[in-house]
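Structures given as structure tokens follow.
Next, two complexes with chain A in common: one pairs it with chain B, the other with chain C.
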Partner chain A sequence: MPLKWVFHWQPNAGTTVNSQMLTEVSQCAESINGVKEGRWKATLTFYKPMFRDQAVPAEYPRDFLGISLPEQPNRYYFIIRSQKIVLEADSSIQMIMEKLQSYKSRVSLTFEGFQYQLGDFQLRVGKVAPSASENLRGIVLEVEYLPLSSMEKSRQILDGFVEIWQEAMSKRSLPGHFMHIEPNFAEFGLSDHYTSQHTAVQYATVMAQLISAVQTAQAVRN
Partner chain B sequence: MQQQQTQAARNPTSAESTAEAPPKQVALAMDRLAQAARLIADVRLGADRLLEALFVSAQPHQTTKPLHLFLKEDSSMRQHLQDLRTIGILALKAFTDQKRRFFPHLDDGLNGQSSASESVPKKHCGSQISTVTQQEELSDYRTLSDLLMHVEKDMPNMKIFTYQRLDWLKRASTLPCSAEEFLMDSSKEHDFHISNKPRLGLLGAVAADKVAVIELLFPSIFRAIISLHPAGSIDPDAVAFFSPDEGGSYVHARGFSVYHVFKHVTEHAAMALQYFLGTNTETALYSLLHWIFSYQTLFTEPCSKCKRLLSMDRQSDLLLPPVHRPYRSFCAIKSSSPQSISSTKNQTLDASHAYHVGCFSEEA
Partner chain C sequence: MECVVQGIIETQHVEALEILLQGLCGVHRERLRIHESCLKSSPNLGLVASEVRVLCDLEQPEPTWIVRHIGGAMRGSGAEQISVLVRTMVESKVSKNVLRLFYALGYKLDHELLRVGFAFHFQRGASITVTVSSVNKMLKLHATDEAVPVTPGIQLVEVTAPASSENYSEVAAAVSSFCEYLAPLLHLSKPGTSTGVVPTAAAAAASLMSDAGVTT
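Entry: the complex of A and B
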């Protein structure tokens, strides 16, 4: 399937993200001839284990994530980042987990926004917010290059796009920038050929970055 | 007078085949055009007379006079049309030869000009000489098997497969599949197969005289499809580029990719093919294959003019990599050093030039 890079908004020190920035980012996509297409939505859920007894909590992963992606409505993805595990399951697994009561959903986040078509590129701009509220916690950007599936072969094209994107963004003087951290897919057992599991791993990485950014901001405040 | 015209038309045939300076041949061509125009006028007149004869014969109380008139006009019309056909054939031959020699491109705006003498590009004389040399050097590559075997050596990383026309359509409908799946597929029974010996021609199970489609696959970069006509020949008649992940019945030499980048490359490839065919039909496939090989850098080679990889194309408002690779100087470079045919160094030289649509100009 076509490869994509997922970016997260890294606000400058001392600043926080707000919805005005989201608007500016959307306008930036339109400024490079992006055509608004429709909405998209992904969800990410933190799971915590339900213990029968308080015996060995250390064995259970603390970063057990579940992700649903719009391009795969019949699939659900599990990631345990610390163990470099990614798993693709049928979407009915959520119901099974509900019945088993082995893990419970702790926090759920939504990534949603608009999708833009730029020729062979597809952009998704999305806000990050807890599922229960509209409180903007972050901004994500997905850049997909449709003709190619190999990450290695497409690297320079994506770099080229980032250059053009950053040029367009710099005109808006926003206090921050988009960052892309490429996870080591090989550690997760993933190959050069892009799949939705790659996307799930990227979102897990983005999540870690967002958490760390929030924690840093809190530390600065305190 | 008719006889005179026919003879005049036939005589200059021998003169055509010699290498004459363009102005004289142009004069001949103009003269024949004038003859053709006179014949057309005669035909028109004859048609009027036929109608007149018919009209007269429709009137009551007629003798056999209109019948005679009719028959006379009929035979003279036939003669006019025969003469016109003769001149037409000669003219077509003359123009085709001249077009191939001096105007091998259909798209450089010279089509609309009636006088060929206005713009004879001197540089084409150079390429004409070099194509003759190339023809001698490539005289071994007369059969498809020979050609593909030699080409395989020159082009590492590019996988070449051949198909009968219908077999390709079947295969196209089963795409896309990843490279691994494809390799697994080939171990089952199919009409095509991959040879485990890289140096062996890949015609394999496909009879060489039935090969009508050549598939060139650069895994994860692109897939190019060439159509040969007639089957088994080395005469390409169409070429198209696609994403390696694309599949469906539209994936063939006259189809178009759903992706803009490959659509643009396909359009450019059509012009390159016309150029190679116009320059030298015998080496056209060879040149085309090598030219296609240069596209392995489609997603990595920055534009030789603006030095960027991605650029916003003004005409289409799309971000595209450099989709143009020069083809006009392609043959000349190849034949300037005879040993270079199998050397990859020259190919790097060719492949190092890539242009965005907007950056591409005649200087290439």
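Entry: the complex of A and C
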């Protein structure tokens, strides 16, 4: 499948993301001749363990996530980032988790917005918000290169596109920039050939960055 | 949901059963080699104790994995009148990291089995699967090449069919009806209700083998 890089918006110190920035990013995509297509939506859920006796200390993962992706409507992805585990499953795995009653959904976030076609590239611009509210927590950008699945072979091409994108963005003088942190896919047992499991791992990485940014902003305020 | 019945048959009669099933189902059998790991939640994990099965199909060129949750059986007078077990069952195909994930979540291996045999999948009033297999235990952890039968000389026969809350009675009737054809060789009943081998099995098997032109 085509590979993609997932970026997250890194606000400058002392600033926070707002919906005007999201509008600017979308306009930027259109300014480089991106053709607006449909909407897209991904969902990320944090799971927490349930205990019979709260007093008993327990060692369980605090970063157990579930992700649904628009390009795989019948699949669901589990990630435990700290242990470098990613699992692809049928959507029915969510029903199994409900029946087990060992882990429950703690909070869900949605990533949603519009996608744009630019030649061999597909861009997705999306806001990050808790599922039950419109409260903007971040902005993500997906850059997908349709002809290739090999990450190594496509690296230069993507670098070139990102340069064009960052230049277009810089003209808007927004207080922040898009960052791409490439996970070590090999640690997750993933190969050079891109799959939706790679996308799930990227979203888990983006989530960790968003949480870190919120915690940093809170520390600064305090 | 699924409808299930089980029975046992002596290994010496399995060939005759296969001939009978081949004739009834009209499809080719598929070889079966499934490594089943039964995982249970750690003592304090979950509001209730939970159990999940991880099945690895070793017959495929590349092993494939399934997670299966078997829920409670239907109860009440309606259930007692049905000769097959109707129970909730949810399964999901998963990628190969599944055991690592469940161990990380606090599940532990309770026991593992290797089922070796064959299966028939066919349509007869419902989508029915008949599996005939020896159940083997591993002497060392995950050592599927060194498995020994739990009950030497006896194999397990299982007839299952997926069902929903809307159609389970029809599916149960289809399964029951099919099982009647197997009656000379084995008795199938709800799991947990053991009936042993059937006294007519030897004679029925001999007759089937002779009809098929197989010399014993």
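In this text, the second predicted complex is superposed on the first by the 217 of 222 C-alpha atoms of A that agree within 3 Å, B and C clash if a C-alpha of one lies under 4 Å from a C-alpha of the other, contacts with A are read in each partner's own complex, and residues count from 1 in each chain.
Operating definition for what follows: a residue touches a chain if its C-beta (ideal position, glycine included) is under 8 Å from a C-beta of that chain, and two chains touch if they have at least 3 such contacts.
Owing to the predicted nature of the structure, the values given are computational and were not obtained by experimental measurement.
A.B. asks: Report for A:157: first if it touches chain B alone, second if chain C alone, otherwise both or neither.
C.D. replies: A:157 sits against chain B, while chain C stays out of touch.
A.B. asks: Look at A:193 in the shared chain and tell me whether it touches chain B only, chain C only, both, or neither; answer first, second, both or neither.
C.D. replies: first
A.B. asks: Once the structures are superposed on A, label A:86 by its partner contacts, choosing first (chain B), second (chain C), both or neither.
C.D. replies: The second partner, chain C, only.
A.B. asks: Tell me which partner A:181 touches in the superposition: chain B (first), chain C (second), both or neither.
C.D. replies: neither
A.B. asks: Contact-wise, after the overlay, does A:119 reach chain B, chain C, both or neither (first, second, both, neither)?
C.D. replies: The answer is first: A:119 touches chain B but not chain C.
A.B. asks: Who does A:64 touch here: chain B (first), chain C (second), both, or neither?
C.D. replies: In the superposition, A:64 touches chain C alone.
A.B. asks: Taking the superposition on A as described, I'd like to know which of chain B and chain C A:101 touches: first, second, both or neither.
C.D. replies: After superposing on A, A:101 lies in contact with chain C but is clear of chain B.
A.B. asks: Would you tell me which residues of chain B are touching chain A in their complex?
C.D. replies: Counting only chain B, the residues touching chain A are 178, 220-221, 243-245, 257, 259-262, 299-300, 308-310, 312, 316-321.
A.B. asks: So in the complex, the part of chain A that touches chain B is made up of which residues?
C.D. replies: Interface residues on chain A, with respect to chain B: 1-2, 32-33, 118-121, 146-150, 152-154, 156-157, 159-161, 163-164, 192-193.
A.B. asks: Provide the residue numbers of chain A that touch chain C in the complex, in ascending order.
C.D. replies: Touch residues, chain A against chain C: 49-53, 56, 58, 60-61, 64, 78, 80, 83, 85-93, 95-96, 99-103, 189, 197.
A.B. asks: Sort out for me which residues of chain C touch chain A in the complex.
C.D. replies: Listed in rising order, the residues of chain C that touch chain A are 41, 44-48, 50, 52, 67, 69, 71, 88, 90-95, 97-98, 100-101, 104-107.
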